[in-house]
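Okay, so chain A shows up in both of these, paired with chain B first and chain C after.
Moving on to the complex of A and B:
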């Protein structure tokens, strides 16, 4: 009961506040509602189609139909889509962070005539919704002959990821005291050296927060992949799931197994690194 | 001469560091935005090498002949209006509650945030299954409680389909704003709250005169971010209804995609994109100016 011994008391009060208890109970109820969809899909994924159609929807599965996962893996071509997802994410995420960090350093610490204008240009990009202009992106990638290729999807992913990352890292680098870089410059170090030896190491916490956020965003991205990766051999997990959903929508157990396999990697990463998510999201948006 | 090269060199190094990010950004984000404007004044079918300049014909077509455009615009406006209010009210309430001294806060926060990291297309699949008219959760629940009369084809009935999709969106997006609000609440000075308490301010008084004013920047950020997010609603609609039934859940972002990529009329699709981009700019530019000023001030 140690967990509860100090709870429900407002700041600066020793008495238990009944309003807080009521609030807590309603939060728990709401959380149960929030988690219901997950429970429902896990239940369905473990049922055979006959059970899904025969028995009540809320009953936990009695005989666990794990074969749904194997079947969905095979029919949904998960080995291909998961492989593509890994290749694209593993290249895009670190590469994007690295070039964003370089740009952010230049904007924050190198005196250039165009600093302000360039920063404003990047800031503008943080708000540019690419879902609104899928066709021109397709056209541009097509002009480079990169439809259905890894570079063809990675380049636009980079382009729309860079502004936000530059913005966050710019804020971080700007807050680093001038003396740190100026001392190194007097010693004759170039900006490349200062960036690599001083600024990259000190920004590791921010970089890891951005890394986690960007991993999930890249892994989950659907709209851009839809227009650029049209060959099923190049599909990523969300595209595979969409196609599975439209082809096998009445194989309920398998469909839900496919959903679970699609979301599981991101969910695991989130549960492992949750504090980074909060740090990455809020460092830019809600800055004091 | 050495003097000049001495001062030019650091700047050049700066541009070298800047170049990769800038080039990729200009080529694959900024250029398409300019291209879409040009495309909206031309006719292109996606195959032929050239495009003809057609003036305002595409705009005239979407405004006067296109049977879907106005419905899609109306849906987008409704969706946006709801998306900036309903989920954020829930998020705000959750954040205020989770900011109190109650047990299990971090666990609760994880639960409410979990849907945010799920791929939208998976959210669509999950909810489509829950809405299944025969074996889905909702209709089974209604049957269980003897409310057979309320049973609906949630995604197949054009009167309710959009709202059914919206509920899924609400489930997914509440956690995002909640985290932003929670971060904002961390910035509310505890001393100020206590001082207000000592001066005899009640729960409402503290909220109204201490918490709310301190949250003003956060409210602004959440408002703009959810506005932008709702304009780009694409994945979830695509995955749940594909715009149907009878275009009743069609929205501008997806209509632009459908016209260009599926019907092959790139010019009209581009015109829809431009309309949507203009709406976005009207919202975003003042916000960016505000961010820019804040950034300048903090230096």
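Moving on to the complex of A and C:
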């Protein structure tokens, strides 16, 4: 009760604030809307097919049918798709972030004649809708003979991921006081040292946010993978899941187990990196 | 330790010229302070010496070696910024040792240098903290420590104390001065606080609009300003400037006071008559009458602003005055203590020999 009554008051005030109540209620409602399908998926994944058909969807499972997961893993060929997903994501995400960070640093902090024009080019890249580019990209990748290969999918992913990361990091780097890099220059640091020793550490919160977003986006990407990875041996998890769905659509327990296994890594990565979101890493660099 | 020669230095940003040929000779070990109104180019000049801005024209030499085209790190300088610019993710010790680390010095050497500097600046207890965990004064000291460990030929300071409160500023002023005496290094220091300039400098450079107005020791500038700008810029409260007309061996000031002068000027010449606030005394017997406008007691002295004819003048008295706005007072001006300037050019008129 005390927790509740505190939550509804502004700090240090004795009066209950109606706006705070309204905010809390909407927050809880939104959370419920978000969590409902998830609960449904988890419950269903743990039920045998007979129970799924028999009982209400939101009844908790009576006996836990963990065998759904094993069966889905085996039937959906998860070893292959998970392996491909890991290879593609683990190469693409850090590589893309690294390139973006270096490009953003150069654009924001290295005086060059072409800075403005180059930045405009990157901005243009963020405006291109990815779907419009699918067909041309397919032709391009095909022309390079890279259909059904890792580079064939990683390169287009990089091309579409980098512009918006550059944009965000450019804004972040531009806001870093110029005295910080000037002090480092006087201390004898090259641009690369300034980038690695000063800018990378202070942009950890931004970088980890971008890493999570990019990881989830890459891990779950469907359309481009569908076009370029046609060989089932090269499929990623979303492709595997789709095929699983069309083959075993009546087996709800296993289908939902497969869904959980597909999204779980993204959730784990989120939990791993969200602690770097700590604000205030730059505070104290310069007098505020 | 080194001399710095700034000769004919010009700076333009695109088509906009902001510095028009600046000459400042600086001797080895000298503490030189650049002062001037905001936007006059103090920071720009300092940054050109540091190598953070390109030099559009002229030459900068450190220890006789032309440095115009050298990278900042090759100029053997260290700079302390107004906002300190400490590396936020590094500890105090890492901040201070960064330059040495980049120079490839051994761990033991770096540790020894950092500890020595920390000792000088009483930072020893704070070496493992991050900048965010320090107070403003401590951050300022770390910024100085970062400069000290490198033993640079020249220290550059750009308004290092302007973010500190008044009390801490006085303390740091003394510390920087003590540091200078201890290290005997050449220092170029930018400030807009003229008390800082008067108390710390060996030599003050007064700048205005990208030009040097005058260079001299603090007392030279105070006693013998080259022109009206320097005269009114140095000293607080500022020197009183009154319009005057030269008569035979006297001058008619503000149209009301006839005073003796010691400068060569033809009778009838219009001039500017300058006198410092502490050279004016209240004298009921004086024929020069003024009306009190504001009385400001500061404790040790009292500042009085009064209206003489239609001009406001300020005087400073050591006495505790019981005056109220509206009171009429008589003013006596110390003879010989005035400074006369050409009304048209603002240049000082030579005193008669």
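Throughout what follows, the second predicted complex is superposed on the first by the 230 of 288 C-alpha atoms of A that agree within 3 Å, B and C clash if a C-alpha of one lies under 4 Å from a C-alpha of the other, contacts with A are read in each partner's own complex, and residues count from 1 in each chain.
Criterion: contacts are C-beta pairs under 8 Å (C-beta built on N, C-alpha and C of every residue); 3 or more make two chains touch, one makes a residue touch a chain.
These numbers were taken from a predicted model, which means no experiment stands behind them.
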Figure out whether A:50 sits in contact with chain B (first) or chain C (second), or with both, or with neither.
-> neither
Please indicate which partner A:59 is in contact with in the superposed arrangement: first for chain B, second for chain C, both, or neither.
-> neither
Which holds for A:20: it touches chain B only (first), chain C only (second), both, or neither?
-> first
Looking at the overlay, does A:35 come into contact with chain B only (first), chain C only (second), both, or neither?
-> first
On the superposed three-chain arrangement, identify whether chain B or chain C touches more chain A residues.
-> B
Considering only touches as defined above, state whether A:268 meets chain B (first), chain C (second), both or neither.
-> neither
Now for A:180: first (chain B), second (chain C), both, or neither, which partner does it touch?
-> second
Is A:192 contacted by the first partner chain B, the second partner chain C, both or neither?
-> first
Chain A residues where the chain B and chain C footprints coincide 185, 281-282, 285-287
Where on chain C is chain A touching in the complex?
-> 50-52, 71-73, 77-79, 81-89, 98-99, 102-103, 130-134, 136, 139, 146, 150, 163
Residues of chain B touching chain A in their complex?
-> 10-11, 13-18, 20-22, 24-25, 27-33, 35-36, 39, 94, 97-98, 100-104, 108, 110-115, 117-122, 124-130, 132, 134-137, 140-141, 144, 171, 176, 179-180, 182-184, 187, 190, 193-194, 197, 203, 217-218, 221, 224-225, 228, 231-235, 238-239, 252-253, 256-257, 260-261, 266, 269-270, 273, 276-277, 280, 284, 287-288, 291-292, 294-295, 298-299
Residue set of chain A touching chain B in the complex reads 3-4, 6-12, 19-20, 23-24, 26-28, 30-31, 34-38, 40-41, 44, 52-53, 56-58, 99-100, 102-103, 105-107, 110-113, 118-125, 127-141, 155-156, 158-160, 162-163, 166, 171, 174, 185, 190-192, 195, 216, 219-220, 222-223, 226-227, 237-238, 241-242, 245, 252, 255-256, 258-259, 262-263, 266-267, 269-271, 274, 277-278, 281-282, 285-288
Chain C partner contacts - residues on chain A that touch it in the complex = 177, 179-180, 182-189, 193, 197-198, 201-202, 280-287
